[in-house]
Amino acid sequence: MASQVQEVAGGMTEREVSVSVLFFAGARDLAGVERSAITLPVVTTPEQLLARVVRSFGELDIIRDSVIISLNQEYCVPGQELVLSAEDEVAIIPPISGGV
Amino acid sequence: MASQVQEVAGGMTEREVSVSVLFFAGARDLAGVERSAITLPVVTTPEQLLARVVRSFGELDIIRDSVIISLNQEYCVPGQELVLSAEDEVAIIPPISGGV
Amino acid sequence: MDYIKLTQEKLSVDEASILATHPSCGAISLFVGTTRNTFQGKDVVRLEYESYIEMAEKEMKSLCKVARKKWPLKHIVIHHRLGLVPVKEASVIIAVSSEHRRESLDAVSYLIDSLKAKVPIWKKEIYTDGNSDWKKNKE
Amino acid sequence: MDYIKLTQEKLSVDEASILATHPSCGAISLFVGTTRNTFQGKDVVRLEYESYIEMAEKEMKSLCKVARKKWPLKHIVIHHRLGLVPVKEASVIIAVSSEHRRESLDAVSYLIDSLKAKVPIWKKEIYTDGNSDWKKNKE
(Lines give C-alpha, C1' and ligand atoms only; values in the text may rest on other atoms or scores of the structure.)
Protein backbone atom coordinates (compact mmCIF):
# COMPACT_ATOMS: atom_id res chain seq x y z
CA MET A 1 0.00 0.00 0.00
CA ALA A 2 2.31 2.73 -1.31
CA SER A 3 1.57 6.36 -0.50
CA GLN A 4 0.10 8.56 -3.19
CA VAL A 5 -0.04 12.27 -3.93
CA GLN A 6 -3.46 13.74 -4.61
CA GLU A 7 -4.55 17.18 -5.80
CA VAL A 8 -6.82 18.80 -3.18
CA ALA A 9 -9.04 21.89 -3.25
CA GLY A 10 -6.94 25.08 -3.29
CA GLY A 11 -4.23 23.49 -5.35
CA MET A 12 -2.27 22.06 -2.40
CA THR A 13 -1.18 18.46 -2.55
CA GLU A 14 -1.97 15.96 0.19
CA ARG A 15 0.01 12.76 0.57
CA GLU A 16 -2.13 9.70 1.10
CA VAL A 17 -1.61 6.15 2.24
CA SER A 18 -3.72 3.03 2.36
CA VAL A 19 -3.99 1.56 5.89
CA SER A 20 -5.88 -1.34 7.48
CA VAL A 21 -9.02 -0.29 9.34
CA LEU A 22 -10.67 -2.72 11.76
CA PHE A 23 -14.34 -2.56 12.78
CA PHE A 24 -15.60 -4.03 16.06
CA ALA A 25 -18.97 -4.88 17.61
CA GLY A 26 -21.70 -2.44 16.50
CA ALA A 27 -19.29 -0.74 14.07
CA ARG A 28 -18.66 -4.05 12.34
CA ASP A 29 -22.38 -4.80 12.16
CA LEU A 30 -22.97 -1.41 10.48
CA ALA A 31 -19.93 -1.49 8.18
CA GLY A 32 -20.68 -5.07 7.20
CA VAL A 33 -16.96 -5.94 7.25
CA GLU A 34 -14.37 -6.70 9.93
CA ARG A 35 -11.47 -5.13 8.15
CA SER A 36 -10.89 -2.92 5.13
CA ALA A 37 -8.00 -1.09 3.44
CA ILE A 38 -8.85 2.60 3.33
CA THR A 39 -6.89 5.41 1.71
CA LEU A 40 -6.24 8.17 4.24
CA PRO A 41 -4.13 11.36 4.40
CA VAL A 42 -0.65 10.69 5.77
CA VAL A 43 -0.97 13.59 8.19
CA THR A 44 -4.39 13.65 9.79
CA THR A 45 -6.39 13.75 13.05
CA PRO A 46 -8.78 11.16 14.53
CA GLU A 47 -11.71 13.37 13.48
CA GLN A 48 -10.56 13.67 9.83
CA LEU A 49 -9.77 9.99 9.75
CA LEU A 50 -13.23 9.08 11.01
CA ALA A 51 -14.85 11.41 8.45
CA ARG A 52 -12.99 9.54 5.68
CA VAL A 53 -14.07 6.17 7.05
CA VAL A 54 -17.70 7.31 7.28
CA ARG A 55 -17.44 8.50 3.66
CA SER A 56 -16.60 4.91 2.67
CA PHE A 57 -19.01 3.24 5.12
CA GLY A 58 -22.05 5.53 5.31
CA GLU A 59 -23.93 3.36 7.82
CA LEU A 60 -21.37 4.30 10.47
CA ASP A 61 -22.72 7.86 10.46
CA ILE A 62 -25.28 7.03 13.19
CA ILE A 63 -22.59 6.02 15.70
CA ARG A 64 -19.82 8.46 14.65
CA ASP A 65 -20.25 10.61 17.79
CA SER A 66 -19.71 7.68 20.14
CA VAL A 67 -16.72 5.90 18.58
CA ILE A 68 -13.05 6.32 19.43
CA ILE A 69 -10.19 5.79 17.01
CA SER A 70 -7.15 3.69 17.87
CA LEU A 71 -3.87 3.67 16.00
CA ASN A 72 -1.64 0.63 16.41
CA GLN A 73 -3.61 -0.53 19.47
CA GLU A 74 -3.38 2.80 21.28
CA TYR A 75 -6.32 5.13 21.87
CA CYS A 76 -6.06 8.43 19.99
CA VAL A 77 -6.73 11.71 21.76
CA PRO A 78 -9.14 14.20 20.11
CA GLY A 79 -7.25 16.56 17.79
CA GLN A 80 -4.05 14.51 18.04
CA GLU A 81 -1.76 14.78 14.98
CA LEU A 82 -1.48 11.38 13.37
CA VAL A 83 1.21 10.49 10.85
CA LEU A 84 0.19 7.32 9.07
CA SER A 85 2.23 4.77 7.20
CA ALA A 86 1.26 1.68 5.26
CA GLU A 87 1.91 -0.78 8.10
CA ASP A 88 -0.38 1.03 10.52
CA GLU A 89 -3.51 -0.51 11.96
CA VAL A 90 -6.45 1.78 12.67
CA ALA A 91 -9.55 0.60 14.54
CA ILE A 92 -13.04 1.97 15.02
CA ILE A 93 -13.85 1.42 18.71
CA PRO A 94 -17.52 1.72 19.70
CA PRO A 95 -18.37 2.20 23.40
CA ILE A 96 -16.82 -0.71 25.29
CA SER A 97 -18.64 -3.07 27.65
CA GLY A 98 -16.14 -5.55 29.03
CA GLY A 99 -16.05 -6.80 32.59
CA VAL A 100 -19.31 -7.74 34.21
CA MET B 1 -24.55 -23.45 91.41
CA ALA B 2 -26.90 -21.74 93.88
CA SER B 3 -26.25 -18.15 94.94
CA GLN B 4 -24.79 -17.52 98.34
CA VAL B 5 -24.69 -14.63 100.82
CA GLN B 6 -21.25 -13.71 102.09
CA GLU B 7 -20.12 -11.33 104.82
CA VAL B 8 -17.82 -8.69 103.26
CA ALA B 9 -15.52 -6.11 104.83
CA GLY B 10 -17.51 -3.31 106.48
CA GLY B 11 -20.27 -5.67 107.53
CA MET B 12 -22.31 -5.40 104.29
CA THR B 13 -23.48 -8.58 102.67
CA GLU B 14 -22.83 -9.36 99.00
CA ARG B 15 -24.78 -11.99 97.10
CA GLU B 16 -22.56 -14.35 95.16
CA VAL B 17 -23.03 -16.92 92.44
CA SER B 18 -20.83 -19.56 90.86
CA VAL B 19 -20.56 -19.15 87.07
CA SER B 20 -18.61 -20.87 84.29
CA VAL B 21 -15.52 -18.99 83.18
CA LEU B 22 -13.83 -19.93 79.89
CA PHE B 23 -10.18 -19.22 79.11
CA PHE B 24 -8.89 -18.90 75.54
CA ALA B 25 -5.51 -18.83 73.80
CA GLY B 26 -2.84 -17.14 75.96
CA ALA B 27 -5.26 -16.85 78.89
CA ARG B 28 -5.81 -20.61 78.83
CA ASP B 29 -2.06 -21.25 78.66
CA LEU B 30 -1.55 -19.06 81.75
CA ALA B 31 -4.57 -20.30 83.71
CA GLY B 32 -3.73 -23.90 82.90
CA VAL B 33 -7.41 -24.73 82.38
CA GLU B 34 -10.00 -24.20 79.65
CA ARG B 35 -12.95 -23.73 81.94
CA SER B 36 -13.55 -23.24 85.66
CA ALA B 37 -16.47 -22.54 87.97
CA ILE B 38 -15.71 -19.32 89.84
CA THR B 39 -17.75 -17.67 92.60
CA LEU B 40 -18.47 -14.06 91.68
CA PRO B 41 -20.66 -11.24 93.03
CA VAL B 42 -24.13 -11.27 91.48
CA VAL B 43 -23.89 -7.57 90.72
CA THR B 44 -20.50 -6.64 89.36
CA THR B 45 -18.54 -4.95 86.57
CA PRO B 46 -16.10 -6.46 84.05
CA GLU B 47 -13.21 -4.94 86.05
CA GLN B 48 -14.34 -6.45 89.39
CA LEU B 49 -15.05 -9.73 87.70
CA LEU B 50 -11.57 -9.82 86.18
CA ALA B 51 -9.99 -8.96 89.56
CA ARG B 52 -11.77 -11.98 91.09
CA VAL B 53 -10.63 -14.25 88.29
CA VAL B 54 -7.04 -13.04 88.65
CA ARG B 55 -7.30 -13.72 92.40
CA SER B 56 -8.03 -17.38 91.56
CA PHE B 57 -5.59 -17.61 88.62
CA GLY B 58 -2.64 -15.44 89.56
CA GLU B 59 -0.70 -16.10 86.35
CA LEU B 60 -3.31 -14.07 84.44
CA ASP B 61 -2.04 -10.91 86.14
CA ILE B 62 0.52 -10.27 83.36
CA ILE B 63 -2.17 -10.03 80.66
CA ARG B 64 -4.98 -8.46 82.72
CA ASP B 65 -4.65 -5.08 80.98
CA SER B 66 -5.11 -6.56 77.51
CA VAL B 67 -8.03 -8.93 78.03
CA ILE B 68 -11.74 -8.26 77.47
CA ILE B 69 -14.56 -9.97 79.32
CA SER B 70 -17.55 -11.48 77.54
CA LEU B 71 -20.81 -12.49 79.16
CA ASN B 72 -22.97 -15.01 77.32
CA GLN B 73 -20.98 -14.53 74.10
CA GLU B 74 -21.31 -10.74 74.10
CA TYR B 75 -18.45 -8.35 74.70
CA CYS B 76 -18.76 -6.34 77.92
CA VAL B 77 -18.19 -2.60 77.92
CA PRO B 78 -15.83 -1.12 80.58
CA GLY B 79 -17.77 -0.19 83.72
CA GLN B 80 -20.93 -1.97 82.54
CA GLU B 81 -23.18 -3.26 85.32
CA LEU B 82 -23.37 -7.03 85.13
CA VAL B 83 -26.02 -9.08 86.92
CA LEU B 84 -24.89 -12.69 86.97
CA SER B 85 -26.87 -15.87 87.41
CA ALA B 86 -25.82 -19.48 87.66
CA GLU B 87 -26.42 -20.30 83.96
CA ASP B 88 -24.19 -17.50 82.71
CA GLU B 89 -21.04 -18.08 80.73
CA VAL B 90 -18.16 -15.65 81.22
CA ALA B 91 -15.05 -15.72 79.02
CA ILE B 92 -11.59 -14.20 79.28
CA ILE B 93 -10.80 -12.90 75.78
CA PRO B 94 -7.15 -12.06 75.07
CA PRO B 95 -6.34 -9.85 72.05
CA ILE B 96 -7.82 -11.56 69.00
CA SER B 97 -5.95 -12.46 65.83
CA GLY B 98 -8.38 -14.07 63.40
CA GLY B 99 -8.46 -13.47 59.67
CA VAL B 100 -5.18 -13.46 57.81
CA MET C 1 3.95 -11.70 37.75
CA ASP C 2 1.08 -10.51 35.54
CA TYR C 3 -1.16 -13.31 34.26
CA ILE C 4 -3.34 -12.01 31.45
CA LYS C 5 -5.68 -14.22 29.44
CA LEU C 6 -8.54 -13.69 26.99
CA THR C 7 -10.11 -17.05 26.29
CA GLN C 8 -13.15 -18.86 24.90
CA GLU C 9 -12.85 -21.38 27.77
CA LYS C 10 -14.81 -21.33 31.03
CA LEU C 11 -13.02 -19.33 33.72
CA SER C 12 -12.02 -20.84 37.07
CA VAL C 13 -11.89 -18.96 40.36
CA ASP C 14 -9.66 -21.67 41.80
CA GLU C 15 -7.21 -21.34 38.93
CA ALA C 16 -7.02 -17.57 39.38
CA SER C 17 -6.52 -17.82 43.13
CA ILE C 18 -3.84 -20.51 42.74
CA LEU C 19 -1.97 -18.33 40.21
CA ALA C 20 -2.13 -15.40 42.64
CA THR C 21 -0.96 -17.38 45.69
CA HIS C 22 2.54 -16.68 46.97
CA PRO C 23 4.05 -17.83 50.31
CA SER C 24 5.14 -14.27 51.18
CA CYS C 25 1.60 -12.94 50.75
CA GLY C 26 -1.11 -12.97 53.40
CA ALA C 27 -3.86 -11.67 51.17
CA ILE C 28 -5.55 -12.48 47.88
CA SER C 29 -8.47 -10.35 46.74
CA LEU C 30 -10.66 -11.42 43.86
CA PHE C 31 -13.45 -10.07 41.77
CA VAL C 32 -15.70 -12.28 39.67
CA GLY C 33 -18.05 -10.72 37.14
CA THR C 34 -20.95 -13.00 36.21
CA THR C 35 -23.76 -12.83 33.70
CA ARG C 36 -27.05 -11.61 35.14
CA ASN C 37 -30.35 -13.11 34.05
CA THR C 38 -32.16 -9.82 33.49
CA PHE C 39 -31.44 -6.43 32.04
CA GLN C 40 -34.04 -3.67 32.39
CA GLY C 41 -36.80 -6.21 32.77
CA LYS C 42 -35.81 -8.26 29.72
CA ASP C 43 -34.73 -11.86 30.26
CA VAL C 44 -31.16 -12.44 29.15
CA VAL C 45 -30.50 -15.89 27.66
CA ARG C 46 -26.81 -15.40 27.24
CA LEU C 47 -24.03 -12.92 26.62
CA GLU C 48 -21.52 -12.85 23.83
CA TYR C 49 -18.20 -11.09 24.27
CA GLU C 50 -15.78 -10.03 21.58
CA SER C 51 -12.49 -8.22 21.89
CA TYR C 52 -9.81 -6.39 19.96
CA ILE C 53 -7.49 -8.97 21.51
CA GLU C 54 -4.09 -7.48 20.72
CA MET C 55 -5.11 -4.08 22.05
CA ALA C 56 -6.99 -5.55 25.03
CA GLU C 57 -3.84 -7.38 26.11
CA LYS C 58 -1.80 -4.20 25.76
CA GLU C 59 -4.32 -2.21 27.82
CA MET C 60 -4.49 -4.92 30.50
CA LYS C 61 -0.70 -4.94 30.79
CA SER C 62 -0.70 -1.20 31.11
CA LEU C 63 -3.36 -1.36 33.89
CA CYS C 64 -1.13 -3.83 35.74
CA LYS C 65 1.79 -1.45 35.41
CA VAL C 66 -0.21 1.44 36.84
CA ALA C 67 -1.56 -0.70 39.70
CA ARG C 68 1.99 -1.76 40.60
CA LYS C 69 3.02 1.89 40.79
CA LYS C 70 0.16 2.58 43.18
CA TRP C 71 0.52 -0.43 45.51
CA PRO C 72 3.12 -3.10 46.37
CA LEU C 73 1.57 -6.17 44.73
CA LYS C 74 2.85 -9.68 44.11
CA HIS C 75 0.78 -11.38 41.41
CA ILE C 76 -1.98 -9.95 39.24
CA VAL C 77 -4.36 -12.22 37.34
CA ILE C 78 -6.80 -10.83 34.75
CA HIS C 79 -8.84 -13.47 32.93
CA HIS C 80 -11.61 -12.43 30.55
CA ARG C 81 -13.85 -14.84 28.74
CA LEU C 82 -14.85 -14.28 25.09
CA GLY C 83 -17.60 -15.76 22.95
CA LEU C 84 -20.78 -17.15 24.47
CA VAL C 85 -21.10 -16.92 28.26
CA PRO C 86 -24.17 -18.61 29.79
CA VAL C 87 -26.01 -16.99 32.73
CA LYS C 88 -24.24 -17.46 36.10
CA GLU C 89 -20.84 -18.16 34.52
CA ALA C 90 -17.95 -15.75 34.95
CA SER C 91 -17.06 -13.29 32.21
CA VAL C 92 -14.13 -11.80 34.11
CA ILE C 93 -11.96 -12.80 37.07
CA ILE C 94 -9.37 -10.54 38.64
CA ALA C 95 -7.10 -11.77 41.43
CA VAL C 96 -4.34 -9.87 43.20
CA SER C 97 -1.99 -10.96 45.98
CA SER C 98 -0.18 -8.70 48.41
CA GLU C 99 1.60 -8.97 51.73
CA HIS C 100 -1.20 -7.17 53.55
CA ARG C 101 -4.88 -7.04 52.69
CA ARG C 102 -5.52 -3.36 52.01
CA GLU C 103 -3.33 -3.20 48.88
CA SER C 104 -4.91 -6.15 47.12
CA LEU C 105 -8.46 -5.02 48.01
CA ASP C 106 -7.81 -1.54 46.61
CA ALA C 107 -5.97 -2.89 43.55
CA VAL C 108 -8.81 -5.26 42.58
CA SER C 109 -11.27 -2.42 42.83
CA TYR C 110 -9.05 -0.20 40.68
CA LEU C 111 -8.44 -2.94 38.10
CA ILE C 112 -12.08 -3.83 37.49
CA ASP C 113 -13.03 -0.13 37.25
CA SER C 114 -10.21 0.54 34.79
CA LEU C 115 -10.86 -2.62 32.79
CA LYS C 116 -14.47 -1.56 32.26
CA ALA C 117 -13.35 1.94 31.27
CA LYS C 118 -10.41 1.16 29.02
CA VAL C 119 -10.08 -2.38 27.71
CA PRO C 120 -11.62 -2.89 24.24
CA ILE C 121 -14.08 -5.69 24.92
CA TRP C 122 -17.71 -5.65 23.84
CA LYS C 123 -20.71 -7.46 25.23
CA LYS C 124 -23.84 -8.36 23.32
CA GLU C 125 -26.91 -9.37 25.32
CA ILE C 126 -29.20 -11.89 23.67
CA TYR C 127 -32.78 -11.86 25.01
CA THR C 128 -35.43 -14.55 25.14
CA ASP C 129 -37.46 -12.61 22.56
CA GLY C 130 -34.66 -13.14 20.02
CA ASN C 131 -33.43 -9.54 20.07
CA SER C 132 -29.92 -8.56 21.01
CA ASP C 133 -28.04 -5.41 21.99
CA TRP C 134 -24.45 -4.28 22.15
CA LYS C 135 -24.02 -2.92 25.67
CA LYS C 136 -22.12 0.10 26.86
CA ASN C 137 -20.42 0.49 30.25
CA LYS C 138 -21.96 3.52 31.90
CA GLU C 139 -19.52 4.00 34.70
CA MET D 1 -28.35 -15.91 52.67
CA ASP D 2 -25.49 -15.84 55.18
CA TYR D 3 -23.15 -18.83 54.99
CA ILE D 4 -21.00 -18.96 58.12
CA LYS D 5 -18.58 -21.79 58.86
CA LEU D 6 -15.74 -22.41 61.30
CA THR D 7 -14.06 -25.65 60.33
CA GLN D 8 -10.99 -27.82 60.71
CA GLU D 9 -11.21 -28.70 57.00
CA LYS D 10 -9.28 -27.07 54.17
CA LEU D 11 -11.14 -24.07 52.73
CA SER D 12 -12.12 -23.86 49.06
CA VAL D 13 -12.31 -20.64 47.05
CA ASP D 14 -14.48 -22.42 44.49
CA GLU D 15 -16.92 -23.55 47.15
CA ALA D 16 -17.22 -20.02 48.53
CA SER D 17 -17.74 -18.49 45.10
CA ILE D 18 -20.35 -21.11 44.16
CA LEU D 19 -22.25 -20.43 47.40
CA ALA D 20 -22.19 -16.70 46.64
CA THR D 21 -23.32 -17.05 43.02
CA HIS D 22 -26.85 -15.92 42.19
CA PRO D 23 -28.35 -15.40 38.72
CA SER D 24 -29.56 -11.89 39.61
CA CYS D 25 -26.05 -10.82 40.64
CA GLY D 26 -23.37 -9.51 38.30
CA ALA D 27 -20.62 -9.34 40.90
CA ILE D 28 -18.89 -11.57 43.43
CA SER D 29 -16.02 -10.13 45.44
CA LEU D 30 -13.78 -12.38 47.50
CA PHE D 31 -11.01 -12.09 50.01
CA VAL D 32 -8.68 -14.97 50.83
CA GLY D 33 -6.36 -14.74 53.82
CA THR D 34 -3.41 -17.10 53.57
CA THR D 35 -0.57 -18.06 55.90
CA ARG D 36 2.64 -16.20 55.21
CA ASN D 37 6.00 -17.94 55.49
CA THR D 38 7.73 -15.27 57.57
CA PHE D 39 6.92 -13.00 60.44
CA GLN D 40 9.43 -10.32 61.45
CA GLY D 41 12.26 -12.31 59.94
CA LYS D 42 11.36 -15.58 61.66
CA ASP D 43 10.37 -18.53 59.47
CA VAL D 44 6.83 -19.67 60.16
CA VAL D 45 6.27 -23.43 59.83
CA ARG D 46 2.57 -23.30 60.40
CA LEU D 47 -0.28 -21.50 62.10
CA GLU D 48 -2.77 -22.81 64.56
CA TYR D 49 -6.15 -21.14 64.99
CA GLU D 50 -8.58 -21.55 67.83
CA SER D 51 -11.91 -19.90 68.41
CA TYR D 52 -14.64 -19.28 70.94
CA ILE D 53 -16.90 -20.89 68.36
CA GLU D 54 -20.34 -20.03 69.73
CA MET D 55 -19.40 -16.39 70.16
CA ALA D 56 -17.50 -16.23 66.85
CA GLU D 57 -20.61 -17.42 65.01
CA LYS D 58 -22.73 -14.82 66.81
CA GLU D 59 -20.28 -12.04 65.95
CA MET D 60 -20.06 -13.15 62.30
CA LYS D 61 -23.85 -13.13 62.01
CA SER D 62 -23.95 -9.67 63.49
CA LEU D 63 -21.31 -8.44 60.99
CA CYS D 64 -23.47 -9.79 58.17
CA LYS D 65 -26.47 -7.93 59.57
CA VAL D 66 -24.54 -4.65 59.70
CA ALA D 67 -23.16 -5.16 56.17
CA ARG D 68 -26.68 -5.76 54.85
CA LYS D 69 -27.81 -2.48 56.41
CA LYS D 70 -24.99 -0.67 54.64
CA TRP D 71 -25.28 -2.23 51.19
CA PRO D 72 -27.80 -4.25 49.13
CA LEU D 73 -26.15 -7.69 49.13
CA LYS D 74 -27.34 -11.10 48.00
CA HIS D 75 -25.20 -13.82 49.59
CA ILE D 76 -22.47 -13.50 52.21
CA VAL D 77 -20.01 -16.34 52.82
CA ILE D 78 -17.60 -16.27 55.78
CA HIS D 79 -15.47 -19.39 56.15
CA HIS D 80 -12.72 -19.52 58.77
CA ARG D 81 -10.41 -22.46 59.24
CA LEU D 82 -9.41 -23.64 62.72
CA GLY D 83 -6.60 -25.88 63.94
CA LEU D 84 -3.40 -26.31 61.98
CA VAL D 85 -3.11 -24.31 58.74
CA PRO D 86 0.00 -24.98 56.61
CA VAL D 87 1.79 -22.12 54.82
CA LYS D 88 0.02 -20.98 51.59
CA GLU D 89 -3.35 -22.45 52.64
CA ALA D 90 -6.32 -20.21 53.37
CA SER D 91 -7.27 -19.36 56.94
CA VAL D 92 -10.24 -17.22 55.94
CA ILE D 93 -12.39 -16.76 52.85
CA ILE D 94 -15.05 -14.09 52.51
CA ALA D 95 -17.31 -13.93 49.45
CA VAL D 96 -20.13 -11.49 48.77
CA SER D 97 -22.47 -11.21 45.80
CA SER D 98 -24.36 -8.13 44.72
CA GLU D 99 -26.16 -6.85 41.66
CA HIS D 100 -23.43 -4.30 40.92
CA ARG D 101 -19.77 -4.51 41.76
CA ARG D 102 -19.22 -1.56 44.11
CA GLU D 103 -21.38 -2.97 46.92
CA SER D 104 -19.70 -6.35 47.08
CA LEU D 105 -16.20 -4.84 46.86
CA ASP D 106 -16.93 -2.46 49.75
CA ALA D 107 -18.71 -5.13 51.79
CA VAL D 108 -15.80 -7.59 51.53
CA SER D 109 -13.42 -4.92 52.68
CA TYR D 110 -15.69 -4.03 55.61
CA LEU D 111 -16.20 -7.69 56.57
CA ILE D 112 -12.54 -8.65 56.72
CA ASP D 113 -11.69 -5.49 58.69
CA SER D 114 -14.51 -6.15 61.16
CA LEU D 115 -13.77 -9.85 61.43
CA LYS D 116 -10.20 -9.07 62.43
CA ALA D 117 -11.38 -6.49 64.95
CA LYS D 118 -14.30 -8.33 66.55
CA VAL D 119 -14.53 -12.07 66.01
CA PRO D 120 -12.94 -14.12 68.85
CA ILE D 121 -10.41 -16.20 66.94
CA TRP D 122 -6.78 -16.57 67.93
CA LYS D 123 -3.72 -17.43 65.87
CA LYS D 124 -0.57 -19.03 67.16
CA GLU D 125 2.51 -18.88 64.95
CA ILE D 126 4.89 -21.82 65.21
CA TYR D 127 8.45 -21.05 64.07
CA THR D 128 11.18 -23.31 62.70
CA ASP D 129 13.17 -22.78 65.92
CA GLY D 130 10.38 -24.50 67.87
CA ASN D 131 9.08 -21.35 69.52
CA SER D 132 5.53 -20.13 69.14
CA ASP D 133 3.55 -16.95 69.75
CA TRP D 134 -0.09 -15.98 70.12
CA LYS D 135 -0.56 -13.15 67.67
CA LYS D 136 -2.54 -9.95 68.03
CA ASN D 137 -4.28 -8.05 65.22
CA LYS D 138 -2.83 -4.57 65.21
CA GLU D 139 -5.34 -2.90 63.00
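As written, the chains take the letters A, B, C and D, and residue 1 is the first residue of each chain.
In this text, contacts are C-beta pairs under 8 Å (C-beta built on N, C-alpha and C of every residue); 3 or more make two chains touch, one makes a residue touch a chain.
Just so you know, these numbers come straight off a predicted model, no measurement behind them.
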Interchain centroid distance [CA atoms averaged], subunit A/subunit D, Å: 51
Geometric centre distance via CA averages, subunit C-subunit A, whole Å: 29
Shared-contact residues (touching 2 or more other chains) in subunit A: 99-100
Set of subunit C residues in contact with two or more other chains: 26-27, 33-34, 101, 112
Touch-based graph of the chains, sorted into line, ring, star, complete or other: other
Pairs of chains in contact (touch as defined earlier), listed by label: A-C, A-D, B-C, B-D, C-D
Subunit D-touching residues of subunit C, taken from the complex the two chains share: 12-14, 17, 21, 23-38, 87-88, 99, 101, 105, 108-109, 112
Contacting residues of subunit A [partner subunit D, same complex]: 99-100
Subunit B-facing residues of subunit D, complex: 33-34, 49-52, 54-56, 58, 80, 91-92, 112, 115-124, 134-137
Subunit B - residues contacting subunit D, complex: 22, 24-26, 29, 70, 73-75, 91, 93-100
Subunit A-touching residues of subunit D, taken from the complex the two chains share: 26-27, 100-101
